[in-house]
Each structure stands twice: as structure tokens, then as C-alpha cells.
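Following are the structures in question.
What follows is subunit A paired twice: with subunit B in the first complex and subunit C in the second.
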Partner chain A sequence: MKPKLLLRYSKELILTLAVVFLFTTIILLVTGAPVLAVYYHIFKGSLGSWAKFGHVIKTWIPLTLCACGLLYTFRIGLWNIGVEGQVMMGAIFATAVLRFGVESHFSELYLFLSILAGIAGGAIWALIAGYLKTAGGVNEIFAGLGLNFVAQAIILWLIFGPWKRPGIASMSGTELFPKALWLPSTFLLRISPIGIFSAFAAIILTALMLRYTRIGLCLKAVGNNPKAAYLFGVKPQPYMLLAMIFAGGFSGVAGCLQVTDVYHRLLPAISSNYGYLALLVVMLGNFNVWISPAVAFFFACLNIGSVQLPMMLQLDSSLSGVIQGASVLAALGMQAWRMRIRSNEVGAFYE
Partner chain B sequence: MNKIFLRILSIFWFWILIWALPTHPITATAAEKPFIFGLLLVGPYNDHGYSQAHYEGGQYVERKIAGAKMIYIDKVNPADRPGITIPQLVDDLMEKGARLVIANSDDMKDGIREAASMHPKIYFVHVSGDDVLTGKAPQNLMNLFGRMEYGKMMAGFVAALTTKTGKIGYLGPLINEETRRLASSAYLGARHAWENVLHKDPADLKFQVTWIGFWFNIPGVTTDPTQVAHNFYNNGYDVVISGIDTTEAIGVAQQKRLEGKDAWVVPYDYIGACEGASEVCLGVPYFNWGPGYVDCIQAVISGDWKSEWVWRGPDWQDINRPDTSTIGFVTGAALPASAKQSLNAFIKELGAGKTNLLKGPLFYQDGSIFLKDGEIASDQQIWYMRQLLEGMQGASSAK
Partner chain C sequence: MRVEVHDIHKHYGPVRANDGITLTIEPGRIHGILGENGAGKTTLMKILAGYTRKTSGYLCMDQVPVDYRTPTEASQLGIGMLYQDPLDFPFLSVLENFMIGQAVGLANQKKYYRKKFDSLAADFDFALRPNVQVNRLTIGERQQLEILRLLSLGIQVLILDEPTTGITNVQKDYLFSALKKMTSEGKSIILVSHKLKDVEAVCNQLTVLRRGKVTGEMKAPFDTDILLEMMFGQTPIPFNRCLQESGRTILELDNVSAPGGRSGLSDCNIRIRQGEVVGLAGLEGSGQDVFLRIAAGLLRPAGGSVMLKDKRMNAKDYHCFKHSGVFFQPSSRLEEGLISGCSVTEHFALQSDHKKFVTKWSDATSDAKKKMTEFRIIGRPDSLAESLSGGNQQRLLLSFLPRNPLLLLLENPTRGLDMESSSWVWQHLHKYCSDNTTIVFSSSDLDEIIMAADRVLVFFNGKMIKDTRTCETSSYELGLAIAGKR
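What follows is the complex of A and B.
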């Protein structure tokens, strides 16, 4: 990306953030909460120590993975709401593999297989939505949403049924995996190097794919104008499926990491809403592969830092949700504003 | 213009980095005076149920031990706080100087054990757990719980005295040893009143347990407890005993009463649960965590800490004495005076050991023996209840 463009994006981002802060401040003032203290605690609670920074990174990894996946589908013009279910499916497939590894001595092998299984799980779930879209003309938003509910139901069924803890029927989740099947993490920050690696790999791979490969170009072509792309010999359908596979695959890795790195078991809330959150991340990140991870970092900070609100100020931590929602609205407003300026410029050109 | 902007941007990031870099060492070592303890609550601190009982237990500690200070985090469960884990929260409490952390839910068992093994210098109390019994607990982790089976017996007792249809509904949370134990105790109390006070045939008493899947409602994940309570009342169950952390059953009972139906309820956990529901509330068995907490914290302060499994009962002298009794029962305004008298007599018998409902012969739901004839249940037998008891309806484990 050209530096100039990057500069423009960062300018818009900062302007967006300003709007968000303004909006949040108004809400805080209305509720009578101490404004400065709230920001201070969210900030300190997310970046105030190495341990907290480690927690933020742990949230950032799956969020970034999902965001990277969504970049493919957004590029081709698909609204992959089903990303949430794709995370869940990744988690389910990973858990299924790990269950075989409980008694095994080759735990590394099973951890590796679980990542592959996660990719497969997410990709299959995404492919279903993609196939419904390309073959059946079902809008991917509806298909995705429906599949999210199905994935959630499958998790509940597994936890209550075949994968239940002995003698127990509880939504607390499946039996904890033995330590050998936890993703190894560094001592200092308790971050898993494999998790970090997969997040960065996803960013770089996505950047390269979208920028330099034929696939990236075709995705863009179809996204911009499917009919024109078709006339140029680019069939939209296979590329849509491909984009869905990428999205599902990355989300599946996120789901797998939620099992192997964060919770060490399967539980109903395994996806932690990261899929839905990633949609917001990408929109706020202007569908850009370099900005989205930064936005994901910001959201991760909010997620971790907002725990301080009930602890220090007796405030409800759902305020972070308000900030996240306000961010996206502000970003969409910013886009609308930009479009208007551009259309004015174009209008002026023709006059 | 752009250059200036870039410069501002870089300065901004630079400051962020500077801010983020230095780690902040634990400050508590500098000032030894206040004893800070952390409390992890599974539900909201003001849920009028399980978590509020713990929260007020923490406040009791602040009153009783000079210099004790509580910091708490509520709604500690993956549905309310996506992506947040127990060890993370413990890190946070430690940074704020906590030297002892109390985790109040069964759901936190694995997380608190993990945190305890990571921080051997901090003390941990897992409420309702059994890691000490199973030998999984590290030296700095202990278990604490109350003998709520007595409270539940009283709940069942008043329910049986009140029901006109002979049908009692038990709104159960998830299925495990604890919840089977408590539901079964309620049934034993009900059957005792039915047989020995009302002199009716136990076969005519219907006791149905319906589980929702978690300690409280999680929309889309658990069964809706409001719906379950409605079903009970609509199907002739006129008394509902709540076994969940929250108060849905009360609201439903009040609604049914407005519709002109017979409806009573026995809530759970919190001493104030009957407030504002005098027309339907028969009474509430509750936890009084204060004294137990105080003992744990005193043990840390005096250096007498032991990794032990503590199961505290009612103070039979007066089960509602706040400084000594961990389990209590306050009667509600809807309980008639005669029933209240019978209840008081029942409590006396329990306290004196004249009546022991956990005495054989007792059978599990599938007909297998729980207690042989004349056998008195040991703590372990009560704690690890493998099924519901014979005579109860409802699932003993997941299907």
C-alpha cells in the first residue's frame, strides 16, 4: 500500500476514534460514571502490565485470524456472518481429534492434527453456506446465521450427550484435557508461540494473496462487478467457494486455538463471540489487511480492560460492548462521509 | 501537513509503548496492613441468590476482620465474559494485592486449580469443590461448603405440608453430585413431612426434578427456568422448590397467583430471597458464608492454613445465628402458623439427632442400594450421591 493511502486511513481511523470517544463519554456522563477513571482503568487493565498484555494477545490471536478470513469473503462481496459458526466447528473438530490423543504419548502429533481438523471443520461449515449461495441462491447471511445456530446446537448436544463428563450433565463443558494436550506457551507472557505464529502467518498470507496473486485479483474483480468479471472469463462461483474456504479455514484455526490454548476443553461459549466481533473489526479496519489487526488489538484491549470496570468502579463491563458498537457506527458514518466527498469531487469534475 | 501528522502519530505510539512497557510489581508487599482478598462470583453480585449470598459473606469479613478488604469480580462465566479465563482473573486480583482468592462456583473447579498451582504463595478457597478429597488440590487450595442438605430437607418439609395436589416440582440446575444430593435431600424432607406429619402414603407424593443445564439461565444454551416453572404450575405442581442460583421461580409463582391459581415457592441461597414475595414464599434455605470465610482468612493471617475440605453445617442452637451458622432457613409469610410449628419441631429433631433422614434403608432411582437398613450415611456417601433416590422423578444423569 502506498504511504499516502496508509496515512489517509490512519487519519480516518483517528477521526473515528475521536467520534467514538466523544460518544462513549456522553454515555458515561449520562450514567454518571467517572469518565477519566473509566478510560484509565480500561487502559491500565489491558496494557498496564506484561501479564495483561499477554491476555490481550491471547484475545487478539483468534480475533485476527477471523478478521483475516473475513477479508477474503468481503473482498468478493460476501457477508460471511457464519464466521461465528465456523469458529465453533473448528473447535468441535479440534476437540474430536484431541479426544483420541488423551491417552496417547504423541501429544504433539495430536495438537498438530487438531489444527488441521480445525481448518477442515471451519472450511466445511463455510463451504455449506457457500454452496447454498452458489448453487441454491440462498443469501449467505441467512445461511450463515442458520448454520451458527446449528453449530451451537451441535456443541450443546455433544456436551450434554456423547462428550459429557462422567455422571454430570452441565453446560460447564467437557472434561479438561490433560496438560500434554495444551498448546505449549512461553513462561513469561503465557502466550503460545504457535498461536502468535498462526496469527502473523494469517496476516502475511492474506496480504500476499489479496495483493499479488491471481486469486486475489479475481476475488476483487468478482467483488467489484460479478457480471463484468464473468464477461472477462472469471466465473464468480468457484471464487466464492474459495473465499469461503479461506474464511472458514482461518476461523477454524481460531476455534482450535480456543480449545487448545485458552479453555482446554469444549464449552458452549467456546467461540467467545469472536466471529461477530471480527466482522466489526474488519468493517472498522476499512477492509484493510494491515489496519484490521490493529483494530483487533484495540478490541482485544477493550475486552480485557473492561473487566476492571466492575472490579474498580462497580460499573457493568458491558460498556466495552457499547464502545465497540459505537466504533463501528462511527466507522460506517466515516465511510458514508468519504463516499459523499468523493461523489462531490466527481460531480465537480463533470460540471 | 502530512509530515506533522506522521510525527504526531509516531509520538503517540511511542508513548503508548513507554506506558505499556514497565511491569508493575505487586504493591501489597510494601504495605502489609490491609488483608486484601479476592472473590470470584459466577453470577451478578446482586442476583438475590447464590452470588449475592457470597458477596454479603465478603462484606461480613470486612466488618469482622480489621483491615480486611474485598475485591470482587462478578459474572465470572464464559457466557457473560467471553474470552476471559479464571487464571487471568486471578492474575488481576493478585496484581491488586489479593493474598487469598475465593472462587464461588463448581464451574471454576479446573480454572482455580490451575491458578493455584501457578501461584503457590497465594491461598485459594474453592467453594463447593472436592479437590482436597480427590487429592488433586495443591497445598494452597482448600475446599469449603455448607451442609445445605439440611436446608433442603426443611424446604421439602414445608413444601409437602403446603401442597394441595401432592405434586412438588424441583427446578434443578445442572446434574452433578451436589445437585443430586440437594434434590434428594429436599425429597427426603418432603417425604418425611408427608408420612410423619400428614400421615399420608408416600406413594401419593409426586416429586419431579427438571434440570435446566446450568446454575442460571443462559438464553439459547440452557432451558429457560421461567418456562420450566410455568410448566410445573400449569401441570398441577402447586409448590416449586428452586435449586438454581437465581429467582425466576418466585416471579412465576406470583404471576400464577395473580391468575388465581394456587402457587407457592421455596427459593434458594439468599437470606433475602423472599422479600417482596410474601404471598407465595414459604421460606428460603440460605447460605451464610461470612463465618466460614472469616475462619479461612484468619487461618492465613495466623499461619494455621491447611489444605483441607471443610463442610460447615447449621448451628443447631439457632440455625439463623449470623456469627455461627453457615446454613439457615427463614420462613416466609405464606407459611401457615401450624406448618411453622411443625417445621420448628422438625428442626429440633434434626439438631438433636433424633431424626436422621439419611439413614437406611434408602434406594437409588434404579433400585440399587444407597444405604443398607439401619446404615447411617457417611459424609462421603452424602457428598458423592450417584443418583436421585427411589420415589423421585427426573433424570439422574445425562441421557
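What follows is the complex of A and C.
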């Protein structure tokens, strides 16, 4: 990146953050909450101890995985809102595999298979939306949103039906898996090395794919001008499906890790809205593969940090959502502002 | 009302759409404005209707200088325009559309306007039912509705932009008799068209525009020869290509029909031989665009057969045609030809080996550099396509052409290039022909077709109406055919 561009980006970033803090502070002042205390608790609650940091990382992993997947679909111009359902499907498929492994001695094998199953689950769910788009012209936003509800319904049906706990069925989910089926984690931070590895692998793989392969180039070409791409010999539909497979696959891994690394069972809220949040992450990250993980880390801190707001300050923990939403709006506003400046520079509007 | 237009200029950047136009429209007359595509007719009319602001010059109404900025102000002065595609609300009824812009306030005034509508429609013999939804009307009927609405607004000067495109002959008769009736009431009509026949049939006076300037005026009765000369100019250019019929037929269209474009394509029989350069003439959207896209496999014919080197290609797509050596380049550069947001290098990378998984950026960059020098493209390999100027975009498109194609289908290949660059382009393209490549191109410039092509096909209203060798014709004769007068 050229220094001039870097300077402009950092200027915009500082301005964005200033707008976000201004906006959040106004809201806090209106509600009468102690402003400084809130920021202090969010910081302390997320980065104040190693245990808290471990939680942040556990949130960062699925967010980053989903964000990486979304980079493929955004690159080709698809709005993969269905990412939320793809996380859920990944979790369901992984749970299904793990259920076979409960009494097995080869728990590592089942853990490995569960990741593959997660990829398959997410990818299948994404392919449905992709197929509806390419074959039937159904907008991927509507298809994805619909499939999110279907996936949620399937989870509820499984928890209260075939996979219910012996004797009782409750919103707290299926029965806990035995420890052998938990992803191994480090003693100190309780972070799973496999989780960390998959997040970093996703970042590097995505960066390489988008920058150095023909697939990445074709995704960009189709996303920017499908008609011209077709004339260049690139058929848009297969690449749309491919992008959906990547997005679904990465989200599926996220869903699988939610089961094997975080909750160790299937819950109604297994996706924790990380899919939707990842959409915001990527937008705020300017669709960039290196910036998005950093934004994901910021969002993870906010999520974890605001958990203790209700306890300490009797504030609702949805404040983190307010800050996240404000960030994205501020970033979009910044983009609009940049466009406006540029068009003023060009001057003439052709009629 | 008497409308005087004095020295109107309209510049879009370096382009002079109107370059000092002066004319007078007398009351009670039908005044025709004639000219080929891009002559500046529509720009002038949009200025008159308040839709576009002029760069300089002034307008007088009944000897009083006037200045207005919006269509609303224009209509308050009594000027109304009927656009090529009527501006109406498709999901409202005829009566509701009629009321829009005149009914004010909260009270329901349907009855009053219904009466007004009925009496106006009866005056002009327009058979419009007031309660029908507008999206169920034909273009001709929507035009009638728009005329009634403008009249009821108290329009004294009515501008019609290509009103005879897309309507039936019967509707045309109704339209023309309505126009005559309006002039008998003292209203002035300005009729913009490139259809000589229509203009001659109904106008009292004509002004011809060419490249933003007035090239002549004439009162009825009209002399077609002189009008054509005014429209297309008379710069005799020596033809330098006229290949004798040789080579085998490589593309054969039999009775091909297809929808699409402004007029579609009907019953088209065309044979194209190897090594020849064929120019397609005709007003924009007369069928030549549809023909090119069928020949490229981008449009599927509704009927008839398309043969490429004795192979039936009816249900094949463009990639299949491309595989057989057919290459198509569109005239809308940024919409269809180039990918905005992608750099020049990325465009070359996209065309390199399709089977390689990894993109070789160093190869693509050196490719880009080489071609940019060869094709005199000003910019850098990492320049984005949309940041290049129009002429450079056009040359970039041409630099994508492969080495040994069988058939090149080019839509306006020299659009936006100056004389010098376009003659360079043709030198380059003619080199292909010596290697037995066939070139089929469309152009709105007759001189270019006569200069560059061996053979010319003229399209009019979706039909191929003339097929001749360029050495056996002239721009005058072609101009006649383009205007539908064989």
C-alpha cells in the first residue's frame, strides 16, 4: 500500500472511531449511565485478565472464520445473509457425527470427522441459496434469510425431538458430550490450538486465494461486471456457486467449533449471531482480508466486555450491539463522504 | 407561439452536442428537426423543454427573451415535450395519469377531470378508456394519453421526440391528424425524427442538424436529395477496399428472427464469406445490434437457423462460438466490454490460460505493458479500466482480440476515436483480413463503412433491406436506405 493511501485510511479510521465514541457517549449520557465507568468495564471485561482474553479469542475464532467466508461472496457481489444458517447447519452436522462417537475409543477420529461434517453442512446450506440464485433467480438475501429460519427450526426440532436429553427436553440443549469429544485446549487460556489454527489458516488461505489464484480473479471479474466477464470466457454461475461453497464451508467450521470447543452440545443459540455480526465485521473491514480479523477482534472484545455490564452497572449488555452498529454506520458514512469528495473533485456530472 | 432559438451551445466536456444552433419556429406550423444519431436533436429539445441547461445562447417566446430551468417552468410558459418513451405511471389508470400534475388539493376531482378527458379525447378521436391501467396500453396509446395531458395543461408548443418509433401505421395516422388539428388552433409543433418519410409527410418546414450545427432549412415541398446531403454531408471518400467475391461461406443465417433491441430482427437471410469486411449500416437499434449478437451466440434466435462453417449453432452459447474462433466486442465499453474496478493487468490475466490455478501476475503485467505500447494506450498497467479515457478504453478492448480469429464481430469499433486513431485501428484490423479473418462491424458513420468495408448491409426497422458492395454504392444511396427509402 502506498504511504499516501495509508495516511488517508488511518485518517478515516481515527475519524470513524471518534464518531463512534461520540455517538455511544451521547447514548450513555441520555440513559444516565456513567460514561467512563462503562468504557472501563468493557475494557476490563475483555482484556482485563487472561481468562477474559481467552473468551475473547473464543469469540474471535468463529467471527473470523465467517468473515473469511463472506469475503468470497462479497467479492463476487453476493450478499450471503444466510451465513447465520450456515453456521447452524455446520453445528448440526458436527453434532450428528459426534453423537456416533460418544462411546467410541477413537474420539480424535470423530473430532476430525466432525470438522468435515461441519464444512459439508455449511456448504450444503449455502449451495441451496446459491442454486436458487443461479437457477431460479431468487435473490440470495431472501433465500439466505429464509434458510436461516429453517436451520433454527431444525435445531429446535432436534433438541426437543430426536436428540432430546433422556427424560427431559429443554432450551439448554442436548446432553453434554463426554470430555473425550471436546477439542483439546491449552491449560492456561483454555483456548483450543485447533481453533486458533483454523482461524489463521482461513485468513491465509483466503488471502492467497483472492490474490494469487484464477478463482480469486474470476470472482472479482464476475462481481464487478458479470456481462463483461462472460465475454472474457468466464461463466458467472459456477463461480457464484463456488463462492457460496467457500462461505458455507468456513461458516460450517465456525459452527462445528461452537459445538466441539465452546458449548460441547447443541444449543438453540449455537450460532450466537456470529454470522450476522461477521457481515458487519467485513463491511467495517472494508472487505479487506487483513483488516477484517482486526475488526473481528474489536467486536469480540465488545461482545465479551459488555457481558458484565448488567452485573456491574445495571446496564443492558446490548450496548455492545449499539457500539457495533454505530461503527458500521459511521464507516458507511465515511465511504459516502469519500465518494462525495471524489465526485466534487471530478466536477462535471454528465446528464 | 413563436419560438426563437438563438445561438444555443451545449457542451459536455470537450463534446459539443449543440454548437451554435439558431432557428425559428412559427406558430401554427409543424416544424421538423432532422438529423442522424448524435446530430444534437435530442439535446436541443431537452434544452427547449427545460430538462437540460444550455451552456450559452438564449430563447425568445413571442419576441420576449425567456429563461427557465426546469420542465415545470417550461410548461408554465406553454412548452411541453413528449418523450420517446412516454413518462407515465404504469400502475395508475389512464384518468389518474391524466390528472397528475394538474389536480391539486385534497378534494376528489375525478368527475371534473373525467369530463375534461372525455371531451378532449373525443376532439382528437382518441379511443382511450379512462379506467384502464396504463401498463396495458400500447406505446401509441400512451403517447395519445400524454398528448391529452399536455394539452389540458395549456401547452402552446409541443415537442415530439421520435414519436413514430414503435407505433402502428394506424396510430401514426391518428397522431398526424391530431398534430394537424393542433396547428389549426395556432399551436406550434416541433417534430424530431430521423425518419425522412414521416417528416416529409407531415411537416411544413424542416431544419437539418449535423454534428451539433444547423446544416440547412427547407420549406415544403421537400427535395429528398438535398435533405440527405444536409443530413450526411457530401465528402466523397475514395473507397480503398472492395474485395471480389471469393472465400467460402463461414456464417449463414436463414430466415432468422429474434426479439430484442428496439426493433428486433425479422426474416434475416445473410451469408458472410471468409476474408471479407462487412459493414452494418442503419440507425441505432434497427436490427444490426441483434444480428451481431445472434452471430455471436449471445442472443438465441426465435426462428430460423444459424450455421457457422456448416455447423448448426442455434442452441449454442457465446463460449461455444468463441471456441470456434468467433469474437464479439460490444460498443458499450464500461457496461459490457471492460470490468470497472479491475486494472489493465487484471484484464490480461483474465484472458491468459484458463486452466492454470495460480495467476502469473508477472506475465500478465508484461503482457499489459507490451500491448499498451503496441496499441498506444495511455495509462499504467495498474490503472483501473474506468480511469482510462474513452479512446484508450476502446483501444484496450481492441488489444484483447486474439491472434488468429475466424470471425470478428465488432460493435462500433471506432466509437469515440478521432480520425487519426480510427484509421490506425483500421490498418490494424485489415491486417487480420489478409490472414483470412472475417470482420463484421456496425458503425453509425457511413463514410467509415465505405472506407473500411468490402460489403455493406443496411438495416431498417428490424430488416436487412440492402446488401451491396461498397464500390457499387455511395453514402447518398446508403443514407436513402437507412431512412427507409430504397
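Things to note:
The definition used in the following text is that the second predicted complex is superposed on the first by the 334 of 351 C-alpha atoms of A that agree within 3 Å, B and C clash if a C-alpha of one lies under 4 Å from a C-alpha of the other, contacts with A are read in each partner's own complex, and residues count from 1 in each chain.
Rule of thumb we're sticking to: a residue touches a chain if its C-beta (ideal position, glycine included) is under 8 Å from a C-beta of that chain, and two chains touch if they have at least 3 such contacts.
Not measured: the values here are computed from a predicted model.
Taking subunit B and subunit C in turn and counting the residues of subunit A each one touches, the greater count comes from B. Contacts of A:Leu7 after superposition: subunit B is touched, whereas subunit C is not reached. After overlaying the two complexes on the shared chain, residue contacts for A:Gly167 are found with subunit B alone; subunit C is out of touch. Residue contacts after overlaying the shared chain place A:Ile191 against neither subunit B nor subunit C.
Once the two complexes are overlaid on the shared chain, A:Ile128 sits clear of subunit B and of subunit C alike.
Put simply, subunit A uses no single residue to touch subunit B in one complex and subunit C in the other. Every residue of subunit A that touches subunit C in the complex is listed here, in rising order: 212-218, 220-221, 224-225, 227-235, 348, 350-351. Across the interface of their complex, subunit A is touched by residues 2, 5-6, 9, 16, 19-20, 23-24, 71-75, 78-79, 81-85, 88-89, 91-92, 95-96, 106-107, 110, 174-177, 211, 213-214, 218, 220-222, 386, 395, 397-399 of subunit B. The residues of subunit C lying in touch with subunit A in their complex are 12-13, 52, 318-319, 322, 328-330, 335-342, 346-347, 349-351, 354, 356-359, 361. Note for the complex: subunit A touches subunit B at residues 4, 7, 10-11, 14, 43, 45, 47-53, 55, 58-59, 152, 156, 160-161, 164, 167-172, 176, 262-265, 267-274, 303-304, 307-308, 310-311, 317.
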